[in-house]
């Protein structure tokens, strides 16, 4: 019940727009949705848990957390894996399943995002959900090493209460769809903090010109990293310009990034994409601090036979000599997805009355204008 | 109840001896226990679940599984991490927490071993157990990315029934102690199959001569890999010589190996040790097959300040020029630990009446003798 | 002769100042020299070859190339190795010796920088130079896998003429000293192109506050990567704002970065520093393009016994929890070193009359001012 | 002149047979030549330098060294790269060009083998040779980061005299052909020592049954690692059984292994093959000692469009589920290639009159027979 209401509230807020609607300038051309779902076949689902207020009682709440599921091939993810690669800029976090991704070059199932202490629940829930779907692999064998990643929401959420359940996993997986992606305080991003402001889920995409193949690259972030002092947007030191303290003094937190593309890349090429995520983060001022779990995975929806098990598979590959535009697109999409997560996130009051404020839209615009970096658009306020 | 009885039964069997008691020849000098616990401070605990017989009903059993915990510094593991490194020979499996081990060089808590589908339960249970211990990090923060590894026991065990509980995790952790390590059908190894015969937990150790520093290396394996046809013991093609089919035709299965040493090695040196595990397995005929999760972690109990967080830490390092004897010791200990796991394991009847027979001791001895490879010892039968 | 004259010319130009003297704003506090030589013990030497003009005749010139040597412990480098780690953002290039750096954690000798086709000459020359120095390892055994890295200067230089000789290697090594580092068209950087303008050698440093340990981080780059269109300085899209085409249309080129610190970091921690170089480059607009060899090495001059071969070594380690300021310092020093290389480099006419122009200082200042990003300093022109 | 005579002498000796001709038992089915050249298209060439006798005078000899070239596609190697992967078991050595292999998944040219101090000469010589061939890439650009690997022959050879020249590189490359591969004291292997006996070049191959695809795997080793005490052949502790000291007491030395296959493997799958080389070495008793450069590269001659630069490439891939037989074949071929190198190598007298004896064939046979491990074949003596 609660979750449904929250989603409506978020939709209302989203109408205000996203980062580029506010005039934040970005490079490159986004896809129609400016979202990871611009990559054909990719679906995203959230399960959001917002429950209780007041003092923290471990096991009772308040709860501000959830689960986000990214399915590379939507329902076909049940049977067809995708080529994938991963990279850890700073491994102070968890992304399970990566040892098999590295070995096989294949991502067999979804990418699941949640809080740090719910890795276990989501791991088991993902296997269990697979078994309930039945079909050719109804023992869930191929989903036995699911990819589950996390960031820490212990400031706002009763993280030690283990509130994420198998039901939340099912909800995220079963509700996953293409089309617009809800951003901000939703799914795994519900209780997250980003660059000192309220963070969470963000997404963006880029489409290459036809001369470069016309491929799409999409990024989805669960953004929970960074200090206010380091925040740069569009090259402007926004964090230093906004008054007041950030929600975290330390460089803890983390960011998980999922990159999708329809370009026919092999596993080792997708690792190259995953490495570029670091550079998108760097543009926003990130340093990959010691306590930050900055872990990235990239997959390609091309090559439907990537996970074939018999005979030989016929594949298509984009030559390395044509890959640089995809590097640029990845960097650009990640840069924008991070800002989108902050623009979409609303001020939240969590456990023990802790308040994490949203990035103030109008102030951001004022600062960008002062640095000659506000695109010419009607001002919207917050 | 059941678990306790089983342990007694195992103790009875163990009295028959271990691989070297049967005359299997190995290189190097073992420690007093010929076990990972010869490395001072290391403790091991098991929780074994053996319940039910007859046809498999998912969720109801039969159950043949469990949890094994290896604590690098015993109870001090709560507060003091160890330097560690890891290596994946073939990543068709899961060992969570390795991204942080790789990044930080530190193993903050125990190494937990279980079945493939209980990774989630053990992950959450390990964090929860840490919190219950209280003390300086009683929110379990530093145990948030626990190292939990697995092998597949789905032939004998209702693996999709998710029978491992938080209680089993607690039992393994709380019962961990130094001294003799129970091997075979116990803990995480309860339902495992190794080279076509019943496998499970095995351990061995080596002590270097004083001229090489007198250091100890111990290995503990959860052995579930390989085909009968490939099994070599002491260089002899034992698998081909023993009549009958192995319990698995395919090269599925996996092996997790934990290597401990008191030699003062840095993280990058411990990764070197972890790499040598492959070579110990190779001596027994392993090929690191595609479906096998062959994942190894090595840690050093030296350097009590390895995980210090303030000031600077004073460390001791063994020079690389002195490390080769530790490589040899690792290879030898792993080779013997695998054989020990098979010698200790008893024939087991599991779900759906599947029977996996133990490696026949007397036949092994006959074969080794024929190849001039049986050490001069009194014959023991099985 | 020629080389000496060139050096004088460069000195004259350098008097105009470096990037921050022009008002380019950077974060953090530089060391006294704002150079890698602010890290105590580090020495740098160059051998510059500028010879001939007009049409290219392979083997005859024109020649615009050289060698740069970075010695971690100056003359003590002959006998004492340093802890080191490396990282490849994009491996379209060569840095020899890294397999041993990765394995041992030790950098045994200098880091040598040259052009792509002179790797062989510098490799052999470095071993030969070591042997000529005599002493405890006068067979050069420990220098047998020297670290030699390269970028491509084939637009301006007769790269296929193999003009670098053992004499140049000796000159770079023997002339290495502490103190100010000559930047721009010098040593290995002589013929390099960076972001469409003349590039080459650049350096910068950062000093942490006493509360963070007071450590120094220095970076030295051989900068030859990127396209004009992508160039950002201080967050401003400078490349797009400057009229005219860049010297390269394609994203070929490369950048080699050497990071030095006196903070007591272990090899796995130095790898963490090396990874952060990517983020410094990203701030200047780099994307790590397919054809770019973006390869980085970081070392620590602390721990004089790092390469001890007997007994055990006593070490000091900075805890991971204190490392983040070094990450930030690395990113900042790399960002500035790249800009410094472009500010110092002079317009050059090379083979076939190809002209690569220097980044115009006054225009850079005008653009930064327009974006509110010029620090308040007296304008200097070019 | 000298080189030609030596080759004739070797041919005479080779007639005695190879390891399996002596009755050494191996698993699996070799190809027609039992050599890397069983993989269609692969060519091998040697340049052997044997010159001088008596006391060592640096720069004057005696010389016992050379160059071996492995061309993945014979002359087509000039224009068509192959997919490749590499692995370092112990990185105390050099294999240049691996950073680009890792990044691109492509091996653009040959694999060159030589002595440790001739890496430079062979690096430059390989680029120069490519330029002299002319054609579409006659500036040698794509061969700019050649793969050149080494082992140390300083006991028998004046390694500090830098005797390998561009002429030797040309000879090895230009003489490369398919068909039988000369083994032992030849090419890069001329002065090498293996497990205490004379080593050098060795090769072997395996052919999979048609049901597994009928693919071929070939291995070529430059064998220079190990101690006599550790040597096992066919599981038998041969090193300990043969009287007398080995040629080296220390675990220095190295082994470079090249693995070729016609199975359509992608780069990440070829890395998996390269990893299995360790396991083949382990069967012969190797431990990957600290001073040993044990570096391996694997490539696939399938997929002629692997290095295409325009449009998209159509590829074929063998599914991971079918790869295990290739793992076994790699292990078996490496195991046999090492023994072949020792069987083929002749006793050599080198610098300063140092004599390294060949592995005595008849004694080997006697020992294997005693352990029930000699295959039924007519005895040949030495």
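We just call them A, B, C and D in the order they show up, numbering each chain from 1.
As a working rule, a contact is a pair of C-beta atoms (placed from the backbone, for glycine too) under 8 Å apart; a residue touches a chain by one contact, two chains touch by 3 or more.
Bear in mind that the values here come from a model prediction, so they are computed numbers and not experimental data.
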Result of counting contacting C-beta pairs for B-C and C-D, higher pair: C-D
Chain of greatest Cα-centre distance to chain A: D
Whole-Å separation of chain centres (CA-atom averages), chain C against chain D: 36
For chain B paired with chain C, centre-to-centre distance based on mean C-alpha positions, whole Å: 47
Set of chain C residues in contact with two or more other chains: 90, 102-104, 272, 320-321
Touching residues on chain A, where the partner in the complex is chain C: 89-90, 230, 232, 234-237, 251, 272, 275-276, 278-283, 286-291, 320-321, 323-324, 327-328, 331, 370-373
Chain C residues within the chain B interface of the complex: 102-106, 264, 266-269, 272, 307-322
Contact set on chain D toward chain C in their complex: 88, 90-100, 102-104, 116-125, 127-128, 131, 139-141, 144-145, 152, 154, 160, 162, 293, 295
